[in-house]
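Lettered A, B and C in written order, each chain numbered from 1.
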Amino acid sequence: MEELIEKLKKEVIAQLNLEDISPEDINPDSPLFGEGLGLDSIDALELIVLLEKNYGIKIEDPKDGKKIFFSIRSMAEYITENKK
Amino acid sequence: MESLITSCCIIRDNKVMLNDRLIYYQENISKFADFAKSVYKQANISYPKFYKMDSVSKLGFLATELVLQERTIAGYLPEKVGVVFANASSSLDTDMAHQETIKDRSGYFPSPSVFVYTLPNIVIGEVCIRHQIKGENAFLISESADAKMICNYVNELFDNDRVDACICGWVEVLGGQFFSLAMLVEKPEHYIPTDGIIKFLPKIFNVEHVNLFLKPN
Amino acid sequence: MKPVYILSDNIITSLGFTTAENMEAILHEQIGIKTFDDPLLYHSPIAVSLVDTARLSAEFDTVIDHYQSTLHSAAFTRLEKLFILSVHDALKLQDVNPRDPRTLLVISTTKGNIDLLEDRNKMLFGHKRIYLWELARVIGIFFGFVTKPMIISNACISGVVAVMAATRFLQNGSYDNAVVTGGDILSEFVVSGFQSFQALSMAPCKPFDLNRNGLSLGEGCGTMVLSVNDRDNGKTAIRIAGAATTNDANHISGPSRTGEELSMAIKSAMQQANVNASSVEYISAHGTATLFNDEMESKAVGLSALSHVPVSSLKGYWGHTLGAAGLIESVAAVTSIRNNMLNRSAGFETPGVSSPLNVILKHQQAEVKTVLKTASGFGGCNAAIVFQSL
């Protein structure tokens, strides 16, 4: 799980063009949206693309996004449960 | 009464000229993204959204940022400041990037953060968000940088009191080649030299002077 | 301010090749948005509004003959055929001569010949055709325009900006006439992009409706011929009375949460037209049927004190035609004045925006003299324009 979390941090930074942020800066349990990384609606859609592109997981209902993308850890848990 | 160009930035050939001064020259950077990043850092800009922008938006954003580092628009009502930009290739640089994400059915992953930039006017949106500009805005296309086209459009805005100030110019990037001219144009009655020091002698906003800035040197 | 008159117009969409044909189809409740299953467009079926390709070819072959062009139909892209047919139809009454140096050509498009980026199309036309200035040159040359075309590419407000810009250059004496044309084609490029935004509805879109869930893409072309000289035919003159653009300065893809900036554009256009809220008889709205646009637009209408004004979005019939939308929906607005007709807002059943709107539920005759057209687009841009009969 920790390995996946570190991998995810790097992937999120790359996918969302978070250039001045390094993996150490991201707390896996902190909310991704709202405060912290200041992600917006386009970033939310990009995370859906990330899941499909890197892990083959398609999110059928975008409304589930809020739960899945709450934090890096919640993303890692979702991937572990659903990865093909 | 003619309007004045009160601040002006030219970015081309890896050089940045701000109000007649060469403020940056980085000979050995070949990729536009790297050049843009180094200008961003060197100009001490702190705006993380910059890294999400495509090349046209980065270029227009930087040129405008520098223009407004020398002259402020803080005294104007947001809805009386306009932005008029133009270029030749529209968003083709980014269009090709989007096309890459959809050309193979096996690797079909269109990206919203790329697609949103496949419209040339997004650079206007980025500039407006950064500087809270809400007035008249338009993106025009022309095969080559056309001073007359830009002057005609912007002068009409001033003549009919649609704007009190206007950011305007040319923002062209394609395949590593880039050129941007950004000008702040103001009505003469609003031109008061900051701190009593004239940093840059304003030029009358007309075709002759815009052509001077468009000329490579 | 010198008055600028609308002399003639054209609309080409899935519903027809003339303004009359389109408006007649709308009166008969034909919906141009249909399910298409074309893997070259998208990997699963989608609801889109496509121009009839067979008819497009046939009509274009006729026009080529008419102009005795030395070029074959195959020398023109799909979008160019749309533009040429539309401009040809609008110029039929011959009030305005394209070869006159006092006549301006204004072209509105968001993506131009974007289908030429596809591997299968790359070799069909010269490498310059992907550029909007080359597209404009091809259209200009076809009709013999001698002035440099003005090309507007400003997301979904392009069409309204084109009409606005043409009006301003007629009013300030730069030109006496203008042919303003806006068009875009449906493409894999655009469909895939909007899908990545999860912005597309699987069924014909429902502007302002509680259950709206996205837009329906469409293609088409619209043209208006403008002049400082009205045609002397005894019919009511219709003029462009005011127009403005603003920017939300909020987000590059999501609209303002307050609708304040669109309202500023509306108020500015109305002020130029010397029109107050009680005089506006119809709003031809942008109404894309996305959750956010319609909500924002309803707030803007409310802030402008226009909540009582009958409003419809015609995207329920034509889909969202991008660079054509501002033109074809403006032509529809002008037609409302000409025919004293208010058109239903197709797709609307249950009110679904927080600021009340007087959405038109069925086509009806009414005295229509002053119409407001609104538009908003990616990049936070807004536009508003007022058409008025004298």
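FYI, a residue touches a chain if its C-beta (ideal position, glycine included) is under 8 Å from a C-beta of that chain, and two chains touch if they have at least 3 such contacts.
All values reported here derive from a predicted model rather than from experimental measurement.
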item: Set of chains adjacent to chain A and to chain B; value: C
item: Chains most often in contact, by C-beta pairs; value: B-C
item: Distance between chain centroids, defined by C-alpha means - chain A, chain B (Å); value: 33
item: Distance from chain C to chain B - Cα centre to Cα centre, in angstrom; value: 28
item: Interchain centroid distance [CA atoms averaged], chain A/chain C, Å; value: 39
item: Set of chain A residues in contact with two or more other chains; value: 42, 45, 49
item: Interface hub residues of chain B, defined as touching at least two other chains; value: 110-112, 116
item: Touching two or more other chains - residues of chain C; value: 196-197, 251-253
item: Of all residues in chain A, those that touch chain B in their complex; value: 16-20, 38, 42-43, 45-46, 49, 52-53
item: List of chain B residues in touch with chain C within their complex; value: 78-79, 83, 88-90, 92, 95-96, 98-99, 101-103, 105, 108, 110-112, 115-116, 118-122, 124-126, 128-129, 131-143, 146, 149, 152-153, 156, 159-160, 162
item: Touching residues (chain side chain C, partner chain B) in the complex; value: 43, 110-112, 114, 117-119, 130-134, 136, 148, 150-155, 161, 165, 168-169, 172, 174, 188-189, 192-197, 244-253, 261, 264, 377-381
item: Residue ranges of chain A in contact with chain C within the complex; value: 40-42, 45, 48-49, 62
item: Residue ranges of chain B touching chain A (in the complex, touch as defined); value: 37, 48, 51-52, 109-113, 116
